[in-house]
Amino acid sequence: MTTLDILLNVLVSGVLFGSIYAVVALGLAITFGILHIPNIAHPALVIMGGYFVVQANRLGIDPLIAAALGIIPFYLLGMLLYTFYANSFERRGRAEVLQSLTLFFGLSLVIEIFLVLLFGSELQSVSAPYIGTSLKFGQIAIPGRLLVPALLGPVTIGLLWLYFKYTNSGTAIRAVAHDERALSIAGLDPAAVKRRAFGLATATAVIGGTALVLIGPIDPFGGRFQIGRVFAIVVLAGMGSIPGTLVVAIMLGIAESLVSSYLNPAWSPGVAFAILLAALALRPQGLFGAAR
Amino acid sequence: MTRDSKIFLIAAVAVLLAGLLAPHVLKNPFYFFAGYVILQYVVIATGWNILGGYAGYINFGAAGFFGAGAYASAFLFNTFGIPLLGGLVAACLIGALLGVLMGYLTLRIQGVYFAIATLGLVIILETIIHNIPALGGARGIVVYGPPPPAWAAGPSQYMFFLMLLIAVASVSLARWMQISWVGRGLRAVRASENAAECSGVPTLRLKLLACAASGAVLAAAGAPYPFYTSFVEPVTVFSLLIGLNAIAMPLIGGTRTWLGPVIGALLMASTQQIATITISSELNILFVGIVLIAFVALAPNGILGLVARRSRETPR
Amino acid sequence: MITRRNFNRLAAVAASSIAMPSVLAGRAFGQDTPIRFGASISLTGALSGTKNGQIGYELWRDDVNASGGLLGRQVELVLLDDQSSASNIPAIYSALADVEKCDVLFGPYGASLTAPVMPFIKQRDLFMIGMFPLAANEKARHDKFFHSAAWGPNSGTDWARGFFDLAKSVGVKRVAILANDLEFSKNAAVGGAKVAEEYSMEIVFNQSYPPNTSDFSSILRNISAANPDAVFVGSYPADSTAIIHGIREIGLPDSVQIFGGAMIGPQYGSLLSSLGPELNGVVNSHLFAPEPTMQTPEIKKFFDRYVPIAEKQGVDPLGYYVPPFYYVAGQLAAAAITGAGSLDQAAMAAWLHGNTVETIVGPAAFNDIGDWTKRRVLMVQIQNVKGNDLAQFREPGHQVILDPPELKSGEFIHPYNKARAS
Amino acid sequence: MSSPVLSMHGVEKSFGLFRALGPVDLELMPQERLGIIGPNGAGKTTLINCITGVLKPDNGSVKFEGIDITVQPSFKRARLGISRTFQIPQPFRGMSVTENLLVPLDYLHGTANKRRRAAEVLESVGLSARAAHPSEDLSQLELRKLELARALVGNPKVLIADEAMAGLSEAEIDEVLAILMKLNQQGVAVIMIEHIMHAVMRFSQRIVCFEMGQLIASGTAEEVTRDPKVQKVYFGEQAHH
């Protein structure tokens, strides 16, 4: 294998992982980026989605079909979570960001333990025909267990983008971020719109979970390692930009892949946060622009 | 000095005296092992609350500061033979520096970014430790501290008293910050940053001061840890449970005053010390998580808030 | 059995024990009360995969009690959960010694958890059987500490020496070392590098990776690019699986003669059966394998009783790695007590230093810091696995012992790619 | 002829492509009572944000007693003697009325007896009875008074009252005006930004009118009222309604 081959492989795996990060970060791009709800429980919800797929897979259902089946229940779960959140905070007046952070922090722990109690803390994996195979293009090998979840990223993001752009309810969600009053004047209930958006965000968790469980086995605590990454992506993507999420995620994937290959894999967990901190320190105005 | 301050001073001295006398009354060393952990959490909760409670900035990375303190004292002792006291000072400095750094990078923007950045602090520090062989990497460092001084009844009693000193010092600092211009300024910033700034409060500097004090106290809680366990490794000192407890204890006790975190820590840490030998770590975390959610959603001002409300509602 | 004590009980005991630390004072207790053995086990947390050791303790206790106890007294276990966290260890061992008033202590699992207990037993001059820590006593040099696991002397560097002996025998010159950034695998990697240097092998790749790594394709490509003759891996179950998956997808060069070393996972039934034939060719460390050179009636009897309990509890159905040595720990302590004729910790230690104990895994004798005088870490090559049936791993011929030579039960197949295909 | 206490020269501020203010030249003499009027979005709030340091102007300079303070942070300007109230009252919630006043006393130049000074100021605005109450319990008028008290407790040289009378009844407006007038007699220059025309006309010695970020008229109440430009944007607008 030549140096160039290795570089190409590094780039390809960066793109693959980036697409996967994008689908994991997508829900947060909606809750945090659009609704300004710092849902740090999203990665835990993603893992929960992964467990849903594992259980369905045990019954012989293909992970991708299981993901499709999970969308409705997770959508409903998200609406329920939003209702709880809104009842706890927004009704008391302005929702304090810091309190909701704490709430979601507690929620993520409860989800993790809930999974431990139900399924144990052992690793869980799925089986599917495309796991274990790989496509070869010359010296570049793309394993199926990475390719399939990596395709989920652009597909989901594309669908969501169309939804936000071309449907009334999608437009309403984007509008709620900017001007709640205008929405009520238009005869829409902002709370209902937000609830739907939160449901949608949570529904993407099951797709993110599918992506993760296809790459490799998951355990209940796997979400913790994603928190830094997903926030870095959402913030860097410019708060709520759906296509931006994909672009930034792929850039991050490549950065991690480069560090892991050419520096030392042991440094890679710090990459996302280092980039995030650097961005916060150097370009705060760019991030501030989209805040309320 | 106000009457309250006099009472506080007398109480602090009484607590320290009781700590000195305790080994002569309680002969069973177990109490001192368990007591050390409880006091360690009093310090952690107090340190967290300086920033989280007074200024309203949530720090998810308490374990990062704790771990930094633990590693600082372990490294200084093993490499240069610097005793724990020196390690404690160094830990405070490092904690303060880390706090200022985190604050400086994020506080100019919005509170939520500070919180997110602190989530990453632990991961970054852990990654750094893993990659520095002098700090033992993932294998950890064994620390054989000196034998306790002659006046102490034993190592556990000595470590307990040391942690008691740190706790009293931390709580005194937190109390002073709360009742002085610092606390008033921080509460003003929390209520309205603009109005505070226009009242002459140097908001950024004040927040950085709170970051530094909070970081120093959190790191101080970690400094004696290597001497307590004789061993430091990344997994335990950067444990999620530390970060979780640091938030949960003040929120449960009440974040507005210095007393809240103390009450929260005493309650929760004692429960957990008993639970250590009765329930599993998963149930332990579940318990803390649910209590946390319940308090945030239903009683945002903690136990002290509940007590205050009740006393206000009952006719005098 | 007193695993999870309830609060009331503990509080009552605690309240009544404001007196002396009982390991010192408790000897005065009457001859009719049971002898209490205290241990911390990792029922929960990262190390909870070792909780099946508890079955080893319990089978030993039942056997001792069935044969009349020790010194005419029955035997009782006090087990507390350390949640796999080193920070709990000091309080737990104080609870065992001072609240539960245990007469004999067993160590917690592994080096991270054992390190915090060493100053404690040294300061109180207590006897302890350690459970699986590598090189735990080399700094403290406590004369009353003994290992139940057969790591042998200088275990920090030497325990995986067998891997490099095999590598040397097939002319390996270039070694790649890969380790998870966790305590055990990092130790293994550092020790491995020392031995490789001693054997004048060139280390062409030496990296560690973060614990939650799930994709090894780029790492394996870099290893391949370094063109090694041997790949020494220190990994934990999740990453062991991911590495094996990665090799299936990416492959390793034909130059690699030997692959494996210190992978945790292929000792356990769940991983053996889930990976099945993909494990063929891996040479990995182990402590027991059901090969003719190791099978004895005693160990067979142990596993005959272990398996049904394990299946009922949902823990490792094979149990080759951890549980027998928990039984051994009990046997060592029992021999020391019987030999000393009392619970005097110094006399027990002295007896164990001077005598060889017949255990279910064979004879055990100790050096001055409690290491087994002879290293008996196995290097086992997984061979001829077909399908994912767990039962085949109970049969000989699938986990072939290559090292040490006196236990050798089959031939070393190399290079690795050839062994994989077999 | 005394020199101005506050002077702005060529001050401009834009948000993106939208120019919110300027360029503006404006001076305030010591002990002057200046009224600023203009429709919503005329740049009044941007102007005072540039004076108090909440915003930094893109161009131009702001001087206080001859010292350039254009890039000084707010708290330093407050320490020099520029003080303000907020359009929407921003009490320090969670603190008592007295404590609200202790904040500026803590951070501005050292005051010997803070609590006595706070009590004096509360007395002067008529909030003594509420001194120990939590600030969130106050009525709208009391909140306005607290804002004023907090702004003047540190003995400012310039007080900016940003719609300090919005939402108050006629009697209450008179009360606030009396406080401001008393303060002015003690030597404080007051800038009043107000939509309540009769109040601002009665109070101010000089009035400036803003429109689209530009200063379009300046003079006495009478002069400004008669100014055709002002009539067009202001009273003309009213005539349509």
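A, B, C and D are the chain letters, set down in written order, and residue numbers restart from 1 in every chain.
As a convention for this text, contacts are C-beta pairs under 8 Å (C-beta built on N, C-alpha and C of every residue); 3 or more make two chains touch, one makes a residue touch a chain.
None of these values were measured; they are calculated from a predicted model.
Trainee: Compute per-chain Cα centres, compare each with the mean of all protein Cα atoms, and return the closest chain.
Mentor: B
Trainee: Check A-B against A-C and say which one is joined by more contacting C-beta pairs.
Mentor: Higher C-beta contact count between the two pairs: A-B.
Trainee: With chain centres defined as C-alpha means, what is the inter-centre distance between chain C and chain D in Å?
Mentor: 76
Trainee: What is the distance in Å between the mean C-alpha positions of chain A and chain B?
Mentor: Taking the average C-alpha coordinate of chain A and of chain B, the gap between them is 32 Å.
Trainee: Determine the centre-to-centre distance between chain A and chain C, using the mean Cα coordinates as centres, and give it in whole Å.
Mentor: 39
Trainee: Between chain B and chain C, what is the gap in Å from one C-alpha centre to the other?
Mentor: That gives a centre separation of 36 Å.
Trainee: Which chain B residues touch at least two other chains?
Mentor: Expected reply: 127, 130, 282.
Trainee: Listing for chain A: what residues touch at least two other chains?
Mentor: 121, 225, 264, 266, 269
Trainee: Could you list the positions in chain D whose residues touch two or more of the other chains?
Mentor: none
Trainee: Among line, ring, star, complete and other, which best matches the way these chains touch?
Mentor: Chain contacts: none of line, ring, star or complete; other.
Trainee: All pairs of touching chains?
Mentor: A-B, A-C, B-C, B-D
Trainee: State the interface residues of chain B toward chain A in the complex, per the touch definition above.
Mentor: Residue list for chain B touching chain A: 52, 56-58, 60, 104-106, 108-113, 115-117, 119-121, 123-124, 126-128, 130-131, 240, 244, 247-248, 251, 282-283, 285-286, 288-290, 292-293, 296-298, 300.
Trainee: How about chain C: which of its residues touch chain A in the complex?
Mentor: 44, 48, 181, 207-210, 212-215, 217-219, 221-222, 224-225, 237-238, 241-242, 245, 248-250, 270, 274, 314
Trainee: Where on chain B does chain C make contact in their complex?
Mentor: 25-31, 33-34, 36-37, 127, 130, 137-140, 142, 144-145, 154-156, 225, 228-231, 233, 235-237, 239, 241, 273-274, 276-282, 284
Trainee: Tell me, which parts of chain D touch chain B in their complex?
Mentor: Those in contact with chain B are residues 52-54, 73-75, 78-79, 83-84, 86, 90-95, 99, 102-104, 106-108, 150, 154.
Trainee: What part of chain C is in contact with chain B in the complex they form?
Mentor: Spelled out, the residues of chain C in touch with chain B are 4-7, 10-11, 14, 17-21, 43-46, 80-81, 83-92, 94-95, 98-99, 112, 115-116, 118-119, 123, 139-140, 180-183, 185-187, 190, 208, 210.
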